[in-house]
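Got some structures for you, see below.
After this come two complexes, each holding chain A, first together with chain B and then together with chain C.
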Partner chain A sequence: MDVIEIKNLTKNYGKSRGIIDVSFNVEEGEIFGFIGPNGAGKSTTIRTLLSLISPSSGSAKIFGKDCREFGPEIKKEIGYLPSEVFYYDKMKVIDLLNYSASFYKKDCSKRIKELAEIMDLDLKKRIDDLSFGNKKKVGIVQGLLHDPKLIILDEPTSGLDPLMQQKFFDLLREENIKGTTILFSSHILSEVQKMCSRVAIIKEGRIIKLEKMSTLKDNNYKKFKIEIDTSIDKNYFKIKGVNNLSVKDNVITFLFKGNINEIMKKISSVDIANLYIEEPDLEEIFMHYYEKEG
Partner chain B sequence: MNIFLRELKAHRKSLIIWCICMVFLIAASMGKYEGLSSSGQSMSELLNDFPKSLKAIFGMGTFDIAKVSGYFAVMFLFIQLMAAVHAAMLGADIISKEERDKTSEFLFVKPVSRTSIISSKLSAALVNVVILNLVTFISSLALVGKYSKGEAVSGDITKLMIGMFIVQLIFMSVGSGIAAISKNPKTATAVSTGILLTTFILAELIDVSGKIDFLKFLTPFKYFSPDTLMYGGAFGLGFLAFSVLIIAVTFGMTYKFFSARDLRI
Partner chain C sequence: MNIFIHELKSARKPTIIWICSMVAISLLFLSIYPGIYNDAETFKKTLASFPDAVKKALGLSIDNVTTLLGFYSFFFMYIMLCGAVQGMNLGLGILSKETRDKTADFLLTKPVSRKQIMTAKLMSALVSLIVTNIVFTAISFIIASAVKQASFSAKIFVMVSLTLFFIQLMLAALGIFISVAARKIRSVLPVSLATVFGFFVISMIGSILGDKAVRYITPFKYFDNAYIIKNASYETVFLVIEFIFIATAITASYIIYSRKDIHAV
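Right after this comes the complex of A and B.
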């Protein structure tokens, strides 16, 4: 069964672009990645799903029901973590969470305590005394406290330190094992890779790719930057799997896809001063897709 | 119910401050009256020699301010202005604040319809307006009564407060309507108070000029003014009907536009 069905969803903001003809489905029980650079339309899509804004055309269904017509009903089972969390500044954390819980007709007090403990959140502090990361934690607890069947996360990790990110991901996996469906929006490829089974890539308002994570992993590019003291042959690194090779003075950069051992052997036989191996940023991945399409 | 209680709590502090200011305004003015009345008729005679337009500006065109009822009628102009400012700001604020404080991604993803959110918010605003009205009513009765020297004032005060309540409702509903239409939540309060001050100035101009009475229906401050309500006067049915119409239309607008429009996030 599809938990989310989005069909030809379009949203125009006056003259500026919102999203164009976005369609994808999220199946029950999966963690679905929704990835794209900032301003690509991830938040617009999500806000349309939550009927915070209304689509110009197209439709979206959640749990098989139109998300505008049945908004209040389907929202009972949705937990949402916005990309920027803002709450009533003068409230205490616990009061805010209880207020949030009061919208769902069940007792959430035990779950609030559990989640706060996992996320290491001080419930007695006032919202405006919290740091950005701590506000994000409030957002996480607030989004999960009513045991929703669908969790929608918009850039959930910004502001969280790596340890908290790890705890948060563990929490999500636990929820997922219990059967919860998760829509995970992010501009960081690696965290989507870690979590998701399928992924939709959005750019400039359009979905440009809908793929299984396993397929995307085969396209697992790494970005290499090597600094050397001596000069080497320009074509030394020109082996299978190397793309966008550039040699400038003593700095060599390229993208690599393939068996990582081969390239490491190649590097180890050169006297290097410094080495950086990074995830390529999204632009580069997108470039790759555009090239393939073109 | 939870939103209603939350809003009451959120506005509690500001309501208390408004009430204190209101009581202080009435108490301070009545203190002045004490000084005025002890100087006897002379003050009244002096004021009678004021040019008509000047008297009109202070709202004391037809009143004998040596009498406590006349003095209160003049003061009522400012009491009503204050209550109206409170109502207009409250109406605009309570609808627009989620967007202004960026909390809409909290409240509007909860399993409640926008219609019921508006209803809860407007009910909370109504309670605030009623409380300010009652505080004004009670403190007026008490403080004016202290100086009334047997003059029957409570009937007139009651009538004025009912009139003021309708004016409060008008400005609250106009404020909420503007907040519902307004795309920028930060401007809603400013626009509402702007409209309020414009109508207030218009009311003054009507008093001063004396020739543009036909414009009265444009300014709620003239619907139930002391010169028509006091000394046995009655509420004008036309103005009452028009008030109900304004309130119904602007509340209707609030529901219609706020339920349909994109939230600014």
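Right after this comes the complex of A and C.
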């Protein structure tokens, strides 16, 4: 079953671009990555899902129900964590969390305590006395305290130190094992790489790639780094399957996808000093998409 | 219900402050009332020597200014001014503060509809205004009874006091409408002060010129205290206009708010 179905979603902000014809589905129980640089339209898509903004055209469904029409009903089962968290400054953390829980008509007090303990959050402090990172922790507890079936994260890790990030990711994995679906939006690829099973890449308001993480990282892609002693023609390695080619002094780097023998033959006819062949990380694959599409 | 209670809690402090300031004005004026009563002739003479325009602008009717109700309705103008700012602040702020404080994302991603949010907030604003008016009127009435020099009609006292509530309701409705129609309100007080004093100046100019049409424009002119004292009733036409105005503004606000895009911070 698809938890999120987005079909041809378009949002115009007057003259400026929002998102154009965005379509993708998120299946039940998966951690779905949504990546793209700042301003690409990640937040716009998410805010439409949460019916904070209304689409210009197209539709978005969560749990099979239209986001706009059934907003309040759907949101019972959604936990949302924005990139920047803001709460009522004068409230104490515990009062804020209780206020948040009061919307869900179930007893969340036990879960609040559990989560606060995991995230090492002081419940007695006032919100405006908290640091950015601690506010973020409030956001995490606030987003998870009602055991939602769908967690939507919009650049969730900013402000968290690495230890807390790790705890947070562990928490998410635990939730995921329990069957919770997670939509994880980020511009930091390594965290998406760590967490997600599938990704959608968005650029300038359009989805440019929708793929399984495993396919993206597929062995088809190899990262080559060649050091040579002599100088060669800059375009020597410009053959089919080579991307992101760069020749700097005596160092040549590129990504290769295709028949490995062909490139080996090409390399063997050059006098090389050193050769590195590595698995590219997602960032490099990602940059490759960006450059090609752009 | 939880939003309603949350709103009431956050409205508690400003409401108490507004009540105190209005009671203070009332106390200040009423405490000099015995002196004015005892020296009525001199007071009237002084007032009579004011230029006509000033008298009209202040809404003075010299004949009954030395009766308690006459005096009360004379200085009630300042109470109304104060209360109008309170009403306008409340209306302007109640929804826009969520955007300003960036808490809109929190509230609007909860399982409640925009209509429910609006209703809860309207109700809490209404309750703050009702509390303000009950407390203010009760305390003023006690002070008035303490300083009275002759008996006065409690009914008319309450009727004059109630005009505060009517004006607050109107400005609160206007405030809510402006706050949902505007994309963002950076600061509430300048907008409400400008609006309230704008209306006030219009009403003063209207009084000086004696222009009837002005009465329909500014809420300060909807309730003529001299008329209320004389007839022990409000002018129906203005009550109807007020009702229509509020109903329209609130309905429009519901519609606009439920469609409004809430932008990222």
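In this text, the second predicted complex is superposed on the first by the 220 of 294 C-alpha atoms of A that agree within 3 Å, B and C clash if a C-alpha of one lies under 4 Å from a C-alpha of the other, contacts with A are read in each partner's own complex, and residues count from 1 in each chain.
The criterion applied here is as follows: a contact is a pair of C-beta atoms (placed from the backbone, for glycine too) under 8 Å apart; a residue touches a chain by one contact, two chains touch by 3 or more.
Owing to the predicted nature of the structure, the values given are computational and were not obtained by experimental measurement.
Peer 1: Following superposition onto chain A, is the placement of chain B relative to chain C best described as a clash or a fit?
Peer 2: The answer is clash.
Peer 1: Have a look at where A:Ser102 lands relative to chain B and chain C in the superposition and call it first, second, both or neither.
Peer 2: Both: A:Ser102 reaches chain B and chain C.
Peer 1: Look at A:Pro82 in the shared chain and tell me whether it touches chain B only, chain C only, both, or neither; answer first, second, both or neither.
Peer 2: both
Peer 1: For A:Glu73, decide between first (touching chain B), second (touching chain C), both and neither.
Peer 2: Both partners.
Peer 1: Pick one for A:Leu52: touches chain B only (first), chain C only (second), both, or neither.
Peer 2: both
Peer 1: From the superposed pair, tell me which chain A residues show up as contacts to chain B and also as contacts to chain C.
Peer 2: 47, 50, 52-54, 71-76, 78, 80, 82, 84, 86-90, 99-100, 102-104, 142
Peer 1: Can you list the chain B residues touching chain A in their complex?
Peer 2: Within the complex, chain B touches chain A at residues 2, 6, 10, 101-106, 108-113, 260, 262-263, 265.
Peer 1: Inside the complex, what are the residues of chain C that reach chain A?
Peer 2: 2, 6, 10, 101-106, 108-113, 116, 259, 261-265
Peer 1: Quick check on the complex: what are the chain A residues that touch chain B?
Peer 2: Going through chain A, the ones touching chain B are 47, 50, 52-54, 71-76, 78, 80, 82, 84, 86-90, 99-100, 102-104, 142.
Peer 1: If you look only at chain A, which of its residues touch chain C in the complex?
Peer 2: The touching residues are 43, 47, 50-54, 71-76, 78, 80, 82, 84, 86-90, 99-100, 102-104, 142.
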